[in-house]
Structure formats: structure tokens, C-alpha cells
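Presented below are the structures under discussion, each in the form of C-alpha cells.
Next, two complexes with chain A in common: one pairs it with chain B, the other with chain C.
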Partner chain A sequence: MGTTNTVLLVVLGVLALVFGVLVFTLNSMARVTFSLLAALVCVGGVTTVLGLPYLGVVIVLMMVMEMVVMAVFMIAYMMNPAGLMPMSMLHNKRGALVISGVVFAALVAGIFLVPWRDSAALQPRDTTFQVGRALMAEQMLTMVTLGFVLLATMVAATVLATHRGRYDRFGDDLDQRPAKDPAGGGVGR
Partner chain B sequence: MVEAGAWWTLLAAPGLLLGFAVLAVAGDAVLDARSAGRPVSLATAVRPFLGVPRALVAQPRRMPAPDRLLWRTGVITVPVAAVLSTLVIPFGNHAVADLSVGVVWFNAMEVLTWAGLWLAGWGPNAAFSLIGGYRFLAQGLAYELPLMFALISTATGAESLRVGDIAAAQHGLWYAVWMPVAFAAYLAGVLAFSFLGPFAYPVGRDLAGGVLGETSGVDRLLLQAGRWLWLASGSAMAVPLFLGGGAGPGLPASVWSLVKTLLVLGLLVWVLRRLPMIRADRYVEFAWVVLIPLTIVQVLVPAVVNLNR
Partner chain C sequence: MTFELILVLAAGLFCTGLFGALSQQSIVMIMMGIELMIGGIIVAAADFWHFLAPGAPSGQVVIVAAVVAMAVEMAMGFAVTTAIYRARRVDMTDMAGDLKG
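Moving on, here comes the complex of A and B:
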């Protein structure tokens, strides 16, 4: 690894840590969400510098969408109106300390216990291809199962969350067209 | 073959992008004047830019208790993300950085606009601008997936995420010809992430300007510039993705890139005033019920073609 990459790695790592600490010290929900986003963007940068450009950029892509949607829900459904009152982000302090301490120790132990290969000699030419190959060849069954479980969870959660059923929408004989929806859609069903 | 450019392309790319954006704004002003029946002259095209020096010296409007840090971050993010997205767009045979994951990079920069615009709406501590920010997210949930599938179609066709490879893989037959659904979804996506024309819902007049409502001076200028820079960037990206990049008979590759980009940009500017503004809730249903299935089938086409090759 060259000097530039090492410097980048250190800078991004420190920035990720700083933003991570800010998540627990700031007192505005919007600022907390976006410092978490900044920390995750730095993690995406670290991943890219470590030679996994696809995963790095995808982390940035997914995390921006995820954090923005999270900001919307967090602020829309807060206990105080719109989350505008200053509030602490710390809950269950003792339990959280224990859990994060154990996870941190396990990760650090992992650094020393995993038999890392001499990566310089074995660095694959195209890591994006390797990732795709791993997901779509060896782990195909895992990915297909995972996909269906995720989709089923989303559909089930939506079904459980909505109190309106098809009889509300289409009438007692399911023949009411267009459907009686509280908000009209663009397709005119 | 596309190659990474010299250091000066780092300056040339944003300059070129700004040039395209300026042309788009001028073209928009001319079309505005024509549809309003006013005489069209050079002054008509220049008029929108008279506001630039005025905006630079304008006194900023202050709101009670704004979140100034997040507001500024959001306002700056929109144009900066548009400029960063151009790093991977090849112009002729040169890109600033021919990343191996260029398509994903472009997509990631475009998604940064979500964060930017929501922050720009949240920052001023005003209801209408916040609603404008929420509107952009609702619109984002509608346009993003069809746009992603459109990008995936081209990457699948070329079997590469490198934008240069995608342009090169179209020798003879443009992706716009045999992936028309992806092309249409992509162009709609460009209008949507520029929040212009039919997708101007986040800055709607019914919302007193929405996200733009509370901004003034340089902030407003940056946000407005961001929209037109995004329109220009999206048009430039359409060329390597769907229109064969710089390939063409007779002329050098960079000239073909220029001509094709201007054509796409002209088409988009013309479309801006041809379509009514779409409410996000209506577009969400259309996107999820019609566009996503269509674009998934569209992805299947290059996949099957490649398997049979």
C-alpha cells in the first residue's frame, strides 16, 4: 500500500471516529443523523482505499438513501414536535456500554486471531468481479434465500401496518372500480 | 477507448458542465419568451444571468433559529454532487477519472442530492421549505428504482460498470435503440433529480417555492445552479450510456460527444414546459406499478442477449 493510500486510510478512519462520537454528543436529531451519515461515508471511503471500490461506493449510495429516509421517520415520529427540542441520543447507558465493549473486544480479537493472508501477492485483479462471483456463484442459494426473506418481511410488515384491506378498497363484492383509496394514485386503479 | 485525462481535465470538466448548464438556462429563457409571445433576442437569453451579480451582493434573509450548518451543507451539496458526478463521464475519449465502478459513482453522487435537498429544506426552520424537502424524498422513492434499473440495463449490456466500456460496447447499435424503456426511464430520472419541469414538485408554486422559498442571495444561486448543473450532467451521461459515446462518422469523438450532449440537453429543456408538474404520490404509484416492472423486464433483455452470445 502506497503512502497516499495510508494517509487517506488514516484520515478517513479518524474522521469516521470523530463523526461516530458526534452521533452520541450532539443533541439534534437531524445533526445526529447526518453525522452518522458522514461517518458511514468515511467508512465507504476506507473500503474503497482498501481495494474494494464497488463495495465502497455502494456503501455511500445506500447509506445516503437510508439515512435520509431515517431522518424523515425519526423526525416525523418523535416524542416532541418534529424533533426540534434538544434531546440526548443516549438510552440504556449501562447495557449499551457493555454491548459495545464486548463487540469492540471481539472485533479487536478478530484482527489478531484471523489468519490474514499476505494480501500483496494474492490481490485479485478485479475485486468487483470477485464480489459478484462470490455472491452469484458460491453464495447464490444464500442470496436467493435472503432476498425472499427480506421481501417477505417487507410485505408482511406492510400488511400488518395497514388497517385497510381489499374489501375496504374494492367494496363487499370486490367489484368497485376504481378502488376507494384515501389518496388517489397515478394509475387510476 | 476511454482513458483517464490529464490534470487539466479536472478544471475543464466543471467548466464544460457549467457551459452546458448556462446554455440550458439561456435556451429555457428563450423558450419561455417565445411561449409568452415576447420578442426573442440576445437580451432574452442573457436576462436570467443578470440576476447572478444581484444574488452575489444580496443581503441574506434570516430566519429565527435556523440550523445554519446543515442548511449550508445541504445548499452546497447539490451543485458539488453534480460536479463530482462528471468525473466519470467520458467526453470524446477522455474522462477525468475512468473509475472501474463509474456507473455506481454517478448513481451515488446523484443520491447525494437527496441528502442535500432535504437538508436545504430542513435548515431554515420553515414549514414550506421543509415540506419541499420531504417532497423531494417522496419523488426520490419514485424515480430512483426505475433509474437504477435503467443504469443496470446498460451495465448488463456491456458487462461492465466502467462508463468507457459501456460506451465502447455499443459499436454500431446504440443502447437507446434496443433499450428504449431504459432510455426513457433514465431521461425521466434526469428531470427528476434536477427537480425541473414535470418534477419541480419540491419547489412547487403551491408551496411558495418549497426548498427555494427561504433561500436568498448566494444560497439560492447555488441551489438553482445545482438543478441546471444536474440537468447538464444527466444529459452528458446519457451519451456514453445510451447514445454510443463519442462514436460517429467523420468528426472527432469529442465533437460527437458535444453534439449528442447538446441534443439531449435541448430535448430535455424543450420537454420541461411540455409536461405538467406531477405530484409525487401519483408518480410513486405509476413508478412502482408500471415503470419498475417494465425496467426489470428491460434489464432481462441484455442479460438474455449476453447469455446467448
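Moving on, here comes the complex of A and C:
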């Protein structure tokens, strides 16, 4: 690995950790969301520097869209969206710190105690081709499973987010009158 | 040594996210913690692929699966948040204690 790549990795790694910590220390919800976005963009950057440009760019693009959506939900559902009235949004802070500290210590111990062996394999010339071929050949079952998971997620998320469906309003045979809603909504009927 | 240091970065991201997921009261903030944890897994998978097995595509496939997990987690998390808020005006985990397993 060249010097430029090593410097890039160090800078992106430190920035990812700093922004990750800021996510749980800042008050303003907009800043929190964009800190998480910055941390995950650094993750995409690390992935790119490690030789996976396609996946790195996918992660960055996906995270930008995801965090923009998340900002809307953050401001809608948070107790103190603007950060103008500082308040604690934590519970069992000490317990959480202890658990995450112990897990970190165990992971670092494992990282330095395991005798990793050096790889003799060479990197493929085109890493995008490698992942594309794997997903369309030997890892096809993984890709099919991921596809079904995404479809199920779309259906389940829509079902959960929809207040009342067509059959709830009109019954299984569509012969009942709509229930009397306490509040108006929908298309105004 | 670079290999181990990147794994430490991955562990740091994972444990920062773990702290958030365990300590935050708001459901949306818990989701942010989980996103950060999955970010750590992505870094670790890229590291394993680069240094240990660049010839095998398995490391890349793990990253694809982790990215899908991120998308699924966000979509389902927001849907559940919306459903529970609509049903009971609850947006904090402490108020939804009866959802405990």
C-alpha cells in the first residue's frame, strides 16, 4: 500500500471516528444527522481506498439519500429537534459505556492476538467485475435472497406505515360503509 | 500493521454505534447507532477482503449484504416508529416497555 493511500486511510479513519462520536454528543438533530452522514461517507472512502471503488461509491450515494430522509424523521420525532433546549436523551449511560468499552477491548485483544496469515492471492484487475460476476454466478442465491428481503421490506414498511387499508374501510366484500374517522384525512371523502 | 489498525477502526465504529444503540432513548437515535455498527462491519469486511482474500469475492458480497441490511433497517425502523407513534403517540423506548421480549 502506497504512502498516499496510507495517509488517506488514516485521515478518513480518524474523521469517521470523530464524526461517529459527534453523532451521540451533539444537540441539534440536523447536525447529528449530518455527522452520521459524514461518518458513513468516510466509511465509503475507506472502502474505496482499500480497492473497492464501486462499493464505496454505492455506500456514499446511498448514505446521502438515507440521511436526507433520516433528517426529516429526526426532526419529526425528536424531543428537541432544534437543540435550543438542551436535554439528556440518554438512559443507562454508565451501563452502555461499560458494555461498549468491554466489547471494544475484547475486539482489540482479538485483533492483536489472532495470528493473521498473509494472503498470497493477487487482487483482481477489475474488482467491480469480480463482485458482479460473483453475484450473478456462485453467489446467485445470496442475491436472490437479498432481492426477496428487499421486496418483503417494501411490502411490510408500506403495511406498517399505512393507517388503514381499502379492506379495513369497506370490509372483505367491500360492502360496508367507511368507519367514522375521528379526524379527516385521505382524499377528503 | 495497517490491516490491524483498520480492524481497530472498524471495532471503534462498531462500539460507538453500540453505545448509541444501548443508551439512546429515541427510537430514531437507536437506528443511527445501528447504522454506525453496520458501518464498522463494512470497514472490517473491506479490510479482510483487501489484506486476506482479495482473490475471493466473499468479502465484497458481505459488504453488499451489509448495505442491504442498512437499507432494510432504516425502512423498517421508520415504519415501526410511524406505526407506534400513530397508535400511542410514543417515540421513546422507555414508553414502549411492553414491547420487551
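Simple rule for what comes next: the second predicted complex is superposed on the first by the 121 of 189 C-alpha atoms of A that agree within 3 Å, B and C clash if a C-alpha of one lies under 4 Å from a C-alpha of the other, contacts with A are read in each partner's own complex, and residues count from 1 in each chain.
One rule holds in what follows: a residue touches a chain if its C-beta (ideal position, glycine included) is under 8 Å from a C-beta of that chain, and two chains touch if they have at least 3 such contacts.
Computed from a predicted structure; not experimentally measured.
Once chain A of one complex is fitted onto chain A of the other, the partner contacts of A:F104 are limited to chain C, with no touch recorded for chain B.
Once chain A of one complex is fitted onto chain A of the other, the partner contacts of A:T142 are limited to chain C, with no touch recorded for chain B. Once the two complexes are laid over each other on the shared chain, residue contacts for A:Q130 go to chain C alone; chain B is not touched.
Contacts of A:A156 after superposition on the shared chain: chain C is touched, whereas chain B is not. Once chain A of one complex is fitted onto chain A of the other, the partner contacts of A:A96 are limited to chain C, with no touch recorded for chain B. Looking at the shared chain after the overlay, A:V58 reaches both chain B and chain C.
By the touch criterion defined above, A:V68 reaches chain B but does not reach chain C. Touch criterion met: A:F34 reaches chain B, while chain C stays clear of it.
One of chain B and chain C touches more residues of chain A, and that partner is C.
Of the two partner chains placed by superposition, A:V7 touches none, neither chain B nor chain C.
Overlap of the chain B and chain C interfaces on chain A: residues 58, 69. By the touch rule above, chain A contacts chain C in their complex via residues 1, 6, 9, 13, 16-17, 20-21, 23-24, 32-33, 36, 39-40, 43, 46-47, 50-52, 55, 58-59, 62, 66, 69-70, 73-74, 77-79, 89-93, 95-97, 99-101, 103-104, 107-108, 111-112, 116-119, 121-124, 127, 130-131, 133-135, 138-139, 142, 146, 149-150, 153-154, 156-158, 160-161, 163. Across the complex, chain A is touched by residues 67, 69-70, 73, 99-101, 104-105, 107-108, 111-112, 114-115, 118-119, 122, 125, 134, 137, 140-141, 144, 161, 278-279, 281-286, 289-290 of chain B. Of all residues in chain C, those touching chain A in their complex are 2-9, 11-20, 22-29, 31-33, 35-36, 39, 42-43, 46-47, 49-58, 60-61, 63-65, 67-68, 70-72, 74-76, 78-83, 85-86, 91-94. Residues 28, 30-31, 34, 37, 53-54, 57-58, 60-61, 64-65, 67-69, 71-72, 84, 126, 128, 183-187, 189 of chain A are the ones touching chain B in the complex.
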